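Labels run A, B, C and D following the written order; every chain starts at residue 1.
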Amino acid sequence: MNTFGRIFRVSVFGESHGACVGVTIDGVPEGLPLSATDFAADLARRSPGDKGTTPRREPDEPRLLSGVFDDHTTGAPLTIVFDNEDVEDDDYGLFDAIPRPGHADYAASVKWDWANDPRGGGMFSGRMTVALVAAGVVAKKALDSLSFDAKLVRLGGSDDPKEWDSLVEKAAADGDSLGGIVECRVEGMPIGLGEPFFDSVESLISHAVFSIPGVRGIEFGDGFAASDMRGSQHNDPFGADGPAKNGSGGVNGGLSNGAPLVFRVAFKPTSSIAKSQRTWNFKDGRQDTLEIKGRHDVCFVRRTPVIVEAVTAIVLADLV
Amino acid sequence: MNTFGRIFRVSVFGESHGACVGVTIDGVPEGLPLSATDFAADLARRSPGDKGTTPRREPDEPRLLSGVFDDHTTGAPLTIVFDNEDVEDDDYGLFDAIPRPGHADYAASVKWDWANDPRGGGMFSGRMTVALVAAGVVAKKALDSLSFDAKLVRLGGSDDPKEWDSLVEKAAADGDSLGGIVECRVEGMPIGLGEPFFDSVESLISHAVFSIPGVRGIEFGDGFAASDMRGSQHNDPFGADGPAKNGSGGVNGGLSNGAPLVFRVAFKPTSSIAKSQRTWNFKDGRQDTLEIKGRHDVCFVRRTPVIVEAVTAIVLADLV
Amino acid sequence: MNTFGRIFRVSVFGESHGACVGVTIDGVPEGLPLSATDFAADLARRSPGDKGTTPRREPDEPRLLSGVFDDHTTGAPLTIVFDNEDVEDDDYGLFDAIPRPGHADYAASVKWDWANDPRGGGMFSGRMTVALVAAGVVAKKALDSLSFDAKLVRLGGSDDPKEWDSLVEKAAADGDSLGGIVECRVEGMPIGLGEPFFDSVESLISHAVFSIPGVRGIEFGDGFAASDMRGSQHNDPFGADGPAKNGSGGVNGGLSNGAPLVFRVAFKPTSSIAKSQRTWNFKDGRQDTLEIKGRHDVCFVRRTPVIVEAVTAIVLADLV
Amino acid sequence: MNTFGRIFRVSVFGESHGACVGVTIDGVPEGLPLSATDFAADLARRSPGDKGTTPRREPDEPRLLSGVFDDHTTGAPLTIVFDNEDVEDDDYGLFDAIPRPGHADYAASVKWDWANDPRGGGMFSGRMTVALVAAGVVAKKALDSLSFDAKLVRLGGSDDPKEWDSLVEKAAADGDSLGGIVECRVEGMPIGLGEPFFDSVESLISHAVFSIPGVRGIEFGDGFAASDMRGSQHNDPFGADGPAKNGSGGVNGGLSNGAPLVFRVAFKPTSSIAKSQRTWNFKDGRQDTLEIKGRHDVCFVRRTPVIVEAVTAIVLADLV
């Protein structure tokens, strides 16, 4: 079921190489100002452009099919569609027989009969995340007292942004790819969001974050480092305004505690690489190699901070 | 809503210092052999006993109220209750005014009116996890072709189990506490579990895992280390039997790929420590200190592997 | 899934001839006064006693296992259990082979393997409705500005209550059974409850009402008679205080309009009758007859008004 | 939440006087043959044309935005959109102040701020049912061993179809409207669909049916008449092939019993009538009258049988 949320409910549809990708949001508060131009800034952040990102160019013009009248939300389901235009008719069908390492081809070919849709990985494509970003824009509108800030803090093993372009260049020259870490911070959090079982703030955020393609890990506040600390180090003493430091990342016992929500997300390197890889040819029953062509990101993590923000906003709009 | 799952649906109830904790499982397959003795092994793994665990002793005798006849499940909702016996009537009410660092007291007192239940942290207690372990036992029964193995791989900053008891002793002597990391491994995974949006295997596992008290992070396969790798290193080449290594932790594109599911969970150090901590006295409006008495674990992470297994089994029973 | 509701969520468990029947309610507002004695009045209305009702006697003492402290709800899941005591060990197993006309035996034996629970019809028993009544008591507490009144308006084809006892006597003498119609009326309805798609007030009420065993029809306001009217007759003109008559039964376009909610529920005659009935013997593959013994109601509809009220209150508690 | 179903999940969006109405179906089995022409027959049955139906003409061309490739379903979410073309820009906004008897105007104006969308009743319009019919077409494809047949059995108080056109003419001449009763019959039902609590077959069918605008009642099998019968009359004896008659309408104890599913739905007369009606002017605070212009059905029930079939198919596709 391609749906997330109970009150602010987001459903995605569409395919990377089909007519469009889209999203329906049910439970949008009525009366929010909203027009197509509101999407431009976040969509631009997701668009390729940085070194290491794909040359596929989509205009990414949102069409608001329902739920908006006179540039305000009506409270009815809000459907947003992005037509696909720059589609190359790659024959992804072959990946059914010779699966790409790191991709869902193998598992999906066992689960579904791909003969039905041999186009571009269907819903597994990063193209679907344009729908998440659009839903995130609406969610942020509904959460105007909160501020969201996700940014890349590590790329290709380096914490120094000055090195990133050259790391990407080297990886590209080798026909290889890089990963990185995104940190997301939300200020203005109300106190008491979340439930002890099973809908803790971390549960819901991680649920949504792991639906972004390529995520390998998530940690809140001190994160994995907390497991090496003593309680007296990790615990956040209270002052008059709440927690006096933020080792918890803004969540205690599954509930938001008023401190900024802080978490980090580990993205793997792009799976599609030009370099030759070993794989199995399930059609002919023999070891084979694969060099992946097509217009892929060397380092798609550069495009992900706005997606992390979007799914975070979707979760919080559902909780508030 | 204290419920998880769609097909195999687990709902917890009860309070740490109330009459009982319990769980109802809806969607249990009919005809599974099940009796009270089946719970003994996993309940024992959760019970205190290791150095650094609480002296609170509960007999943990499961009472099967419904859904079982003649030592087999009937397919009707299965309710299991654990009576609370070793209850000390601590006055947790005071933590409403003087919140314990690291606990949900502060956030919960804003969210709810604790005057209604000043007993032992209500549902925020680790005591609730006995219900999760019980549900996990039933889930494992429903998944008899899978094998689950979670174990502690790091404690107090050390990967060497020979050092753990002495680390715990030192922390206890200091009135302090320790955390650690649990690794969970599931063998026999079918191929194709999970959905691309939004119910990837990682999404559901992390959702459930973060409902265990004290979790700060989760990572699958190569995890955070993957973000420093190149694609050619992290990608798992395919052989005749599927992935030839397991950097993905058994999941590609949100779907299980047949390799073992492998993930690690970071637990923070126990929040309740004997050592004096700074906190705020919200009643008197002044800085205060708190020394937490009561029967708490110095290192509750020693009791968590079976809980991690349990929530993993619950998720997989829902997906299969 | 034995659960109803999204915000005020009711889950039933237990079996007619098992240890207990019970209910867990999640989403109960905190701070409602509630103790075991609050259930007495409604439970008494459901209890047998009127002419034509079963001699099976259960003390129907609710045990509140969780979610209540100091005679007030805590907001945590509220579990209520009724132990079964007056259980006769009838062998219902035979109905697997020789199904009782009007019962679920035949369909259930195809759906499930009844060998697992040959006791009293499991969850199909009217005994389960004690759990609904208990949940209804809690729902009514949460809805204290509303008043509920369901009553029997027709029995055995007669609208005159003076005739009912004698109709029941005659049916009993013939080893036969009777049905009837219950009318439910809720005053104090807020305006605007419900949604156009798919959760209209009528959708949710009818969903819940048809889960009561023995219901054959439901109609709101003018009901089936409305289909014979002209618009000018059926439409309710508006006055200063809302609708000036109540042909709509209090619902327009799926939304409550502030007028009393009024609907009628048709109950079939009790299926279990002493009189000989034709059935098929699926074990021996031949036509057979069945005379049903045991302690059954000649006219269970006399016990249903409080059950109709209960499920109505459950729906409204979820909507408000 | 404008969604129905758990496995075959239907979500509607759009507005009567907006850009389009549409539906997304999640959980469609992959590989069903499906193209735009498959919708023609059912859409035609819903289209006006019979005497007494609206002159508003929409081409009702379904556009399949996603979930279909090469005229087969892919298993991904299926989105179907119907563009609105024959839109007159009626100012429905005035009905906020002077509500139309029988409509949701009054309740909706209390619930929402209609200033946001003063166009044609938004989601309350019968126009939305084109989305239900489209979803029904897909559901029927997924249920090809079942046959659906809903038809009008009563109109304006007459069971004789020869009288219907003249009854409609008379009502139209009086500026008035008529209602009627639709009977729906499904053959080929599998045995054992449905659950005792709370998702009986009748619960789910009635839930969906009451989301069709204008429904006032529903009854299964003998329906309200069953409440006047004795058990020996109403019970269906069993023969070798299951129930030997069908007083139950195909459902026992909430489960389908293999006999045809048979139910009747009472539709009220069209609420919008040309004849002058009393209403309240909430703007000026005085009694007022209203004559409704616009292109409305005198007898919309003539267009409803295919809608009843559609929601029935949606429910059964979810249950199977």
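Here, contacts are C-beta pairs under 8 Å (C-beta built on N, C-alpha and C of every residue); 3 or more make two chains touch, one makes a residue touch a chain.
Small disclaimer: the values here were computed from a predicted structure and weren't measured.
*Asks:* Any chance you could name the chains that touch chain A and chain B both?
*Replies:* Output, common partners of chain A and chain B: nil, no chain qualifies.
*Asks:* Quick one: how many steps at least from chain A to chain C, stepping chain to touching chain?
*Replies:* Step count on the best path from chain A to chain C: 2.
*Asks:* Taking each chain's centre as the mean of its CA atoms, which one is most distant from chain A?
*Replies:* C
*Asks:* Chain A to chain D: how many Å between their CA centres?
*Replies:* 38
*Asks:* Hey, how far is the Cα centre of chain B from the one of chain D, in Å?
*Replies:* Taking the mean C-alpha position of each chain, the two centres sit 46 Å apart.
*Asks:* Counting in whole Å, what is the centre-to-centre distance of chain C and chain D, each centre being its mean C-alpha position?
*Replies:* The answer is 26 Å.
*Asks:* Hey, what residues on chain B touch two or more of the other chains?
*Replies:* Residue numbers touching two or more other chains: 1-3, 12, 112, 123.
*Asks:* According to the definition of touch, which chains form touching pairs?
*Replies:* Every pair of chains in contact is listed here: A-B, A-D, B-C, C-D.
*Asks:* Would you mind writing out the residues of chain B in touch with chain C in their complex?
*Replies:* My answer: residues 1-3, 9, 11-15, 18-22, 24, 26-27, 30-31, 65-67, 69-70, 72-79, 81, 112-113, 116-117, 119, 122-123.
*Asks:* In the complex formed with chain B, which residues of chain A make contact?
*Replies:* It comes out as residues 1-4, 12, 99, 101-108, 110-112, 123-124, 128, 154, 156-157, 171, 174, 176-181, 191-192, 195-200, 202-204, 206-208, 210-211, 213, 215-224, 226-240, 242-244, 248-249, 252-258, 266-273, 275, 277-280, 285, 287, 301.
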